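Shared chain: chain A. Partners: chain B in the first complex, chain C in the second.
Right, the complex of A and B next:
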């Protein structure tokens, strides 16, 4: 089962929920099943700070960009006219290539009448695979200064096993990287905060789900016992399944800021997340 | 004109709280929210004004006319983004590169305008506030950020100070928001992830040669980490301009759609005021 964990915005506890779900899965899992955690938040991958995987294997992620053979180029500018992202410019008898904005569409290479452009590989980030307890940990890491993490996610996703429980920690927001991350999942779990900002962000992701028609539910994080909870209200009004309410708790804050996993430190949290996982399995089978 | 950009690496660190308080404290006349994925600043700053809303056209998207298509499969074969399946284009995956359009022997593909979001401009006699909302999953967030700033700067020509609430992350929207900024304030938290994200955003800002300063939100939650942040910044010579204590009033303010500045006696508001004064005197007053 593949579960994507999302939030309209950062800071709602998305990484907290995904890391703990993965660790809950490892004790719940029968010996022949996998527990896998995948960090698709490639701009700010934080899962490793908690899971601290070892035996790390790294592999670079490349994109293809054009390289010009100046002896063949006649300066016809067909390539730069074609490029929709202004990654090419022909200035002073020379073709300039701005790699950072190239989307690797390959068009300039196909359409150059002189065959003056060739493909070149350029590294934009790395994928790390390691192990933490019984959980396999994948994490994508976009180099700073790079524009898009999508190629990293595209390379990460096929590496995931089909059996066992796979928890995907998605990027915040609703950008192209999120769309990429949730394409193949069985269930989407939204993490929402009990504030009006929280509702605002929740309602935006909710719009996305209405469009995508994926099964989804909400976990309400940082709930205070006797405070109003506008996010809960929103879920009830819109008949959104509330999977669980996670209480606000100083202890979680402490474990989090020290980079510890609540499920591994505290029996109550272990039970809580095993319960969430159970519910997710049932929900996704419906 | 000075452009102050507020960034955090990740959302939820109090960036919008700090930005809205700064806007009030400085009596800033021109400000923007560049978090086009999940904009929040208008919830506290729009003051019941109605915005002017315009569709934003980012990239075009391909469209296949099935009556002309002969199912040769050339387009699908050459689309590097896997956006064409069974002679149909998925708008979520199409990046508008135009390869399919150029390669189709039947001229069956056309590139069509696609509204990938909406630009909003709030304007009163003495204030301009520019923001936007990206349509779900449509990409082009960097372009929309650029449009938000352009819309602001067009109206803000007389302002001495422009405050911009940036977007989370380090990718295209952030890079688009950094360009043109004079000063980047990074709001960080004393958590392991907060430190990690701060380092990455400092690196990004440095690549663009923009001056950076740091403030630590909820500093008293984990003093050891706060000290680590200060030591790190000290080492790489990035000034730490202040600390904001953990304060429940912040949540209260957010839930009432108010800026923390309206709770002047709160610990957080006092700290933010001190930080604002430091930034103003040391970095923004023209020397």
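Right, the complex of A and C next:
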């Protein structure tokens, strides 16, 4: 079962929920099934701060960009006219190529009548694979200054097993990298906090789920008893399944600040996350 | 010699448009005859790299000087390759900026920003 954990707004507790779900799955899985945690928040992957994986294997992620042979280029501009992202410009008898703007479609190379453009590989980040307890940890890392993390997520997802429990820690927002991360999942779990900003971004991700027809539910994080919760109101108004409410608890804050996993340290939270996992299995089978 | 200035409308009596890459028009002033022409900026609707495309438009129209409030790295790379001078616009209309240029009162644009919408970066 593949579960994507998303948030809309950043800082609502995606990584907290993802890491703890993966560790809850590790005890539930009884060693015969996989427990896998995948950090697709490639601009700032931080699940490894809690899981502290060891035996790390690294592999580079490349994208294809064009490289020009200026002696063959006649300045016909078929390439730059074709490029929707304006990654090519022709100035003073010379073709300029802007790699960071290039989306690697390869069209410029195909259209060049002089065959003056060739493919070149350019590394934009790395994927790390390690182990934490019984959980396999994948982490995508986009290099600083790169525009899009999509190629890294595209390379991460085929590495995941089909059986067992796979928890995908998504980037915040509802843009390309999020869509790529949830494309193949069985269920989407949204982590929401009780703020107006939180509910605004929750509503944006809600629109995305409806568009992609993905089954989903919400975990309400940082809940204060007897306090107004705009995210809870939004869920009730839109008949969105509330999977669980996690309290605004100093103990969680203490464990997180020390880089510890609540499920591995605290019996109450172990039970809570096992309960969430149980509900997710049932929900995704519906 | 041709001088270009980003403009919201086809009018020399309006303030300089704060955007370079996505300005609707460029005012094109010809120092030879003192006349204005207005270019449609074909880059405005670009999904990305608007600055690069707008700069290409200026290169193709043989501009020698650009007067603008701001300019991104990628656009500056194109303009520099074509040896187009980038000057910093001052508050006032398009025409007033041309007057200031003629008096030699415009300085070079020193802050080249790394690009908006995360499309900044280096060229190869």
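For the reader, a short list of remarks on this structure follows.
The working rule: the second predicted complex is superposed on the first by the 286 of 286 C-alpha atoms of A that agree within 3 Å, B and C clash if a C-alpha of one lies under 4 Å from a C-alpha of the other, contacts with A are read in each partner's own complex, and residues count from 1 in each chain.
Throughout what follows, contacts are C-beta pairs under 8 Å (C-beta built on N, C-alpha and C of every residue); 3 or more make two chains touch, one makes a residue touch a chain.
Every value quoted in this text rests on a predicted model; they were computed, and no experiment measured them.
When the two complexes are overlaid on their common chain A, residue A:35 makes contact with neither chain B nor chain C. In the overlay built on the shared chain, the residue A:197 is in contact with chain B alone; chain C does not reach it. More residues of chain A lie in touch with B than with the remaining chain of the pair chain B and chain C. In the superposition on chain A, contact of A:98 is made with chain C only, not with chain B. Of the two partner chains, neither chain B nor chain C is touched by A:18.
In the superposition on chain A, A:284 contacts neither chain B nor chain C.
Of the two partner chains, chain C is the only one that A:86 touches; chain B does not reach it. Once chain A of one complex is fitted onto chain A of the other, the partner contacts of A:258 are limited to chain B, with no touch recorded for chain C.
Using the contact criterion defined above for the overlaid structures, shared-chain residue A:135 touches neither chain B nor chain C, since it reaches no partner.
In the superposition on chain A, contact of A:67 is made with chain C only, not with chain B. Residues common to the contacts of chain A with chain B and with chain C across the two structures: 84-85, 145, 147. The touching residues of chain B, when paired with chain A in their complex, are 9-13, 16, 35, 37-38, 40, 43, 59-60, 78, 80-81, 92-93, 95-99, 102-103, 134, 136-139, 141-142, 168-173, 175, 190-193, 196-197, 200, 203-204, 207, 221-222, 225, 251, 254-255, 257. Listed in rising order, the residues of chain A touching chain C in the complex are 65, 67, 80, 83-87, 89-92, 94, 96-101, 145, 147.
Contact residues of chain C toward chain A in the complex are 43, 46-50, 52-53, 55-56, 59, 74, 77-78, 81-83, 118-124.
Of all residues in chain A, those touching chain B in their complex are 8-12, 15, 43-44, 46, 49-50, 82, 84-85, 103-107, 110-111, 142, 144-149, 171-179, 195-197, 200-201, 204, 207-208, 211, 228, 230, 253-254, 256-259.
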